[in-house]
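Two complexes come next, and they have one chain in common, chain A, joined by chain B in the first and chain C in the second.
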Partner chain A sequence: MERKYTLLAILVIVLALGLVVLPKSNGRKEIDPKVLLDGVVERSRFLSVDQVTHRIIENDPSLELIDLRPADQFKTFALPGSINLNPDSLLSPYGSELLGEPGKDKVLYGNSDLIAEKAWLVCSRYSINRLYIMKGGMNEWFTTIIKVQQATGTPSTTDLDLISFRNAARQFFVGSGTATHTPIVPVQKEKAPLIRKAPSSSAGGGC
Partner chain B sequence: MNRFLKDNILWLSLVGLALMVVVSAYIFRPKYPNYQTDMNQSLNLIRSQSKQVLVKELAGKQIIDIRPSDQFEQGHPQNAINIPVRQLLDKESVVWLQKLSENGEEAVLCASNELLATAPWTLLQQLGYKNILLLKGGISDSGELVDTELASSETTILDMTAIRTKPETVQAPVQTEVKKKPEAVIPVRKAVSSGGGC
Partner chain C sequence: MIGPIISSGLISSAWDNLFAILLGMGFGFALEASGFSSSRKIIGTFFGYDFVVVKVFFTAAIVASLGLLYLNYLGLVDFSLLYIQPTFLASAIVGGVIMGIGFAMAGFCPGTSLCATAVGRIDGLVFFGGMFIGVFLFSEAFPLFENMYYSGSLGAKMVNSVFGISPELFTFLLVLAAVGMFIGASWVQKKVKKVEY
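Right, the complex of A and B next:
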């Protein structure tokens, strides 16, 4: 009987050693660093502003735009249908739910690529799939879509189609009523001033 | 001895199995490199610019050129070493980076431009290579170090006047002349009094 308890104790000690040796788990599945580096090199994570704009105009239900810019810039102007998310909240419960939504292509963008690149890498480490970056960010989108472009030299048919698409896209964004933030000031009705008229003096009936 | 083994074969089997599991886990544990930062530390990297250096601040630092080998051979900064980005986590590269880290030497990661080096640098930070800095600039085709042309602080260039809607679609407040309404006159009846009589 004592030998059995001795063996049991040895078994428990061995298992405890195993717990010490095995790596810690933080509860989130992480991608292998070499696999992540392959994704970095591949660069398939980038979508052009033309591709994103086309999907916005087509009202693609699988597109989810995530704006990483500060809230004040987002309020001033943002791409239709985009959601503002602070980079610090990317892996919060709300951020994780947003980024983990199935069937959606999550497209990150900032003013340029810098923050979006880092955000993509950090999120991809935690195995978040279908995550993309709008190449060039809002600055590239503004320069390409909103600014008027003229054909230079002898443009090919492809170039002409692209310019035509961008001109049409500009009309879509500039001509949309939802893009304005002009406040409407209500007109206040003026009250008419009240004047009490003094009665005219009149002699009473008398002789 | 035989009797001991026979009587305790089950327990001995379990002990042996547990020992095998522990030894296997130790042998096949994830080898270096592995992530060294937690979630919050990783998120802090997104906004942080503390480990970015300008071209003029490169004195005394080892330059790591992560461009492809053919571009490196065309021209590269003096004393730069070439580790193409695809080979950044190869065994030789990891050993060299580890040695650099143990010696306390700082190195600066460079590519053709800052954007191409940002993701590899962020990955190296998460793997624990705190001594690797990021160049705010790039390497030209001739091998010269150039300052960045991009706004690293994510400065916006949006011009809202170009994005505003067309005038006919805007419900702008209309300025109209305020017509002066006639003043309302309310006669006040004086209390009746006896007239002056004689």
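Right, the complex of A and C next:
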């Protein structure tokens, strides 16, 4: 190898080694309170349940669902691909790695907005980006997506499209069977009146 | 801390196309300046008489990795705002095999074929035409491939997270591998008969 290439090779090795041996920052840089306040006032952190559902169905690889509900509720039912994270573990190494994963939109939710809002505030304070809240949490998701809804009055095309999307989404999550509260009563078979045929007259003569 | 200028909101995303054109022109210029418009130069990698392709791409990878990690360390780039292409394992493997075969057969990848076309090479033009026929056929037949296309979704997966090591350590190992490759390639090139083109 030529001398200049040898020097360049040594330089990049030293630079790369520098990255390994440099003291690590704790990765948590607290942001300016004014910037945090702007973020709190701004409503763009909220994603509607329809937006989240759409991205789940589309199998959006940049979506990371972080379920902040208790583990037993998570085991009972969880959104596909979601990860259960105890709010106590938000700033643990595991939580930091999960929330700091590049290239992902992290969507936080609990049963309502309460715990997700608190988690969002803590994480935003430590400069964790691409952090969203599913508005209304799992309660809203269940009411909007899983419960059967019918159009009332004269719905607009947009409303009809939305209802159609939700019906399709419901089928995606629970299968094609629709929940019904009407008890199924076995239908009594009507008895057909028996009509007896009158005996035919005996053939007269013949072979 | 600032991140990439568009995703951090410093400028509007309406500038996307302009940046794409400028970066594309720069990329094309770099490819042409490195001699990548010649299929014989590119195919030299497979025959062992010219390793410039591997050297250029490896150099680009280590320079970009080192640059990003240092900028992130200094607080000048927010790593989490970078867009990372999601990984779909099955389609990446199938696509990689098809592209490798095409690369070895024609001596071009999509980018270098455009460079070759731009400088008026007929083989580049033929490759370019074939590529668009392939794209058209794939688009028309997409429903047949859709399941395979989306299977093995791993999200925005980083190699270092797969191995459970830090990005810094992975970059260090990558640099060592690159330097090893440079030395190995030079050794092979000396052993193989020189080809004039």
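The rule we apply is simple: the second predicted complex is superposed on the first by the 148 of 207 C-alpha atoms of A that agree within 3 Å, B and C clash if a C-alpha of one lies under 4 Å from a C-alpha of the other, contacts with A are read in each partner's own complex, and residues count from 1 in each chain.
Operating definition for what follows: contacts are C-beta pairs under 8 Å (C-beta built on N, C-alpha and C of every residue); 3 or more make two chains touch, one makes a residue touch a chain.
Because the structure is a prediction, the values reported are computed rather than measured.
Trainee: With both complexes superposed on chain A, which partner does A:Ala9 reach: first (chain B), second (chain C), both or neither?
Mentor: In the superposition, A:Ala9 touches chain C alone.
Trainee: Regarding the shared-chain residue A:Lys104, is it in contact with chain B (first), chain C (second), both, or neither?
Mentor: second
Trainee: For A:Leu17, is the partner it touches chain B (first), chain C (second), both, or none of the two (neither)?
Mentor: A:Leu17 sits against chain B and chain C alike.
Trainee: So in the superposed three-chain picture, is A:Pro93 touching just chain B, just chain C, both, or none of them (first/second/both/neither)?
Mentor: A:Pro93 contacts neither chain B nor chain C.
Trainee: Pick one for A:Ser127: touches chain B only (first), chain C only (second), both, or neither.
Mentor: second
Trainee: Applying the touch criterion given at the start, work out whether A:Leu36 contacts chain B, chain C, both or neither, answering first, second, both or neither.
Mentor: Only chain B is touched by A:Leu36; chain C is not.
Trainee: Applying the document's definition of touch, where does A:Arg69 land relative to chain B and chain C: first, second, both, or neither?
Mentor: Only chain B is touched by A:Arg69; chain C is not.
Trainee: Of the two partners chain B and chain C, which one touches more residues belonging to chain A?
Mentor: Touching more residues of chain A than the other partner does is B.
Trainee: Scan A:Ile115 for contacts with chain B and chain C and give back first, second, both or neither.
Mentor: In the superposed model, A:Ile115 contacts chain B only, not chain C.
Trainee: With the two structures laid over each other on chain A, which partner does A:Asn59 touch: chain B (first), chain C (second), both, or neither?
Mentor: Second partner only, chain C.
Trainee: Need the overlap of the two footprints on chain A, from chain B and from chain C, as residue ranges.
Mentor: In chain A, positions 15, 17, 22 sit in both the chain B and chain C interfaces.
Trainee: Could you pull out which chain B residues touch chain A in their complex?
Mentor: Within the complex, chain B contacts chain A at residues 4, 7-8, 11-12, 14-15, 18-19, 21-22, 25-26, 29-30, 33-35, 38-39, 42-43, 45-47, 85-86, 88-89, 114-115, 118-120, 122-123, 126-127, 150-152, 154-160, 162-166, 169-173, 176, 178, 181-190, 193-198.
Trainee: Taking the complex as given, what residues does chain A use to touch chain B?
Mentor: Going through chain A, the ones touching chain B are 3-4, 7-8, 10-11, 14-15, 17-18, 21-23, 26, 28, 30, 33-34, 36-37, 40-41, 69, 73, 76-77, 87-88, 90-91, 110-115, 117-122, 125-126, 137-139, 142-143, 146-147, 173-177, 179-180, 182-185, 187, 190, 192-199, 203-207.
Trainee: Which part of chain C faces chain A closely enough to touch in the complex?
Mentor: Those in contact with chain A are residues 1, 3, 62-63, 66, 69-70, 73, 75, 78-84, 86-88, 150, 153-156, 158, 161, 166, 168-169, 171-172, 174-176, 178-179, 182-183, 186.
Trainee: Over in the complex, which chain A residues touch chain C? Could you list them?
Mentor: Spelled out, the residues of chain A in touch with chain C are 1, 5, 9, 12-13, 15-17, 19-20, 22, 25, 29, 59, 61-62, 64, 100-104, 127-130.
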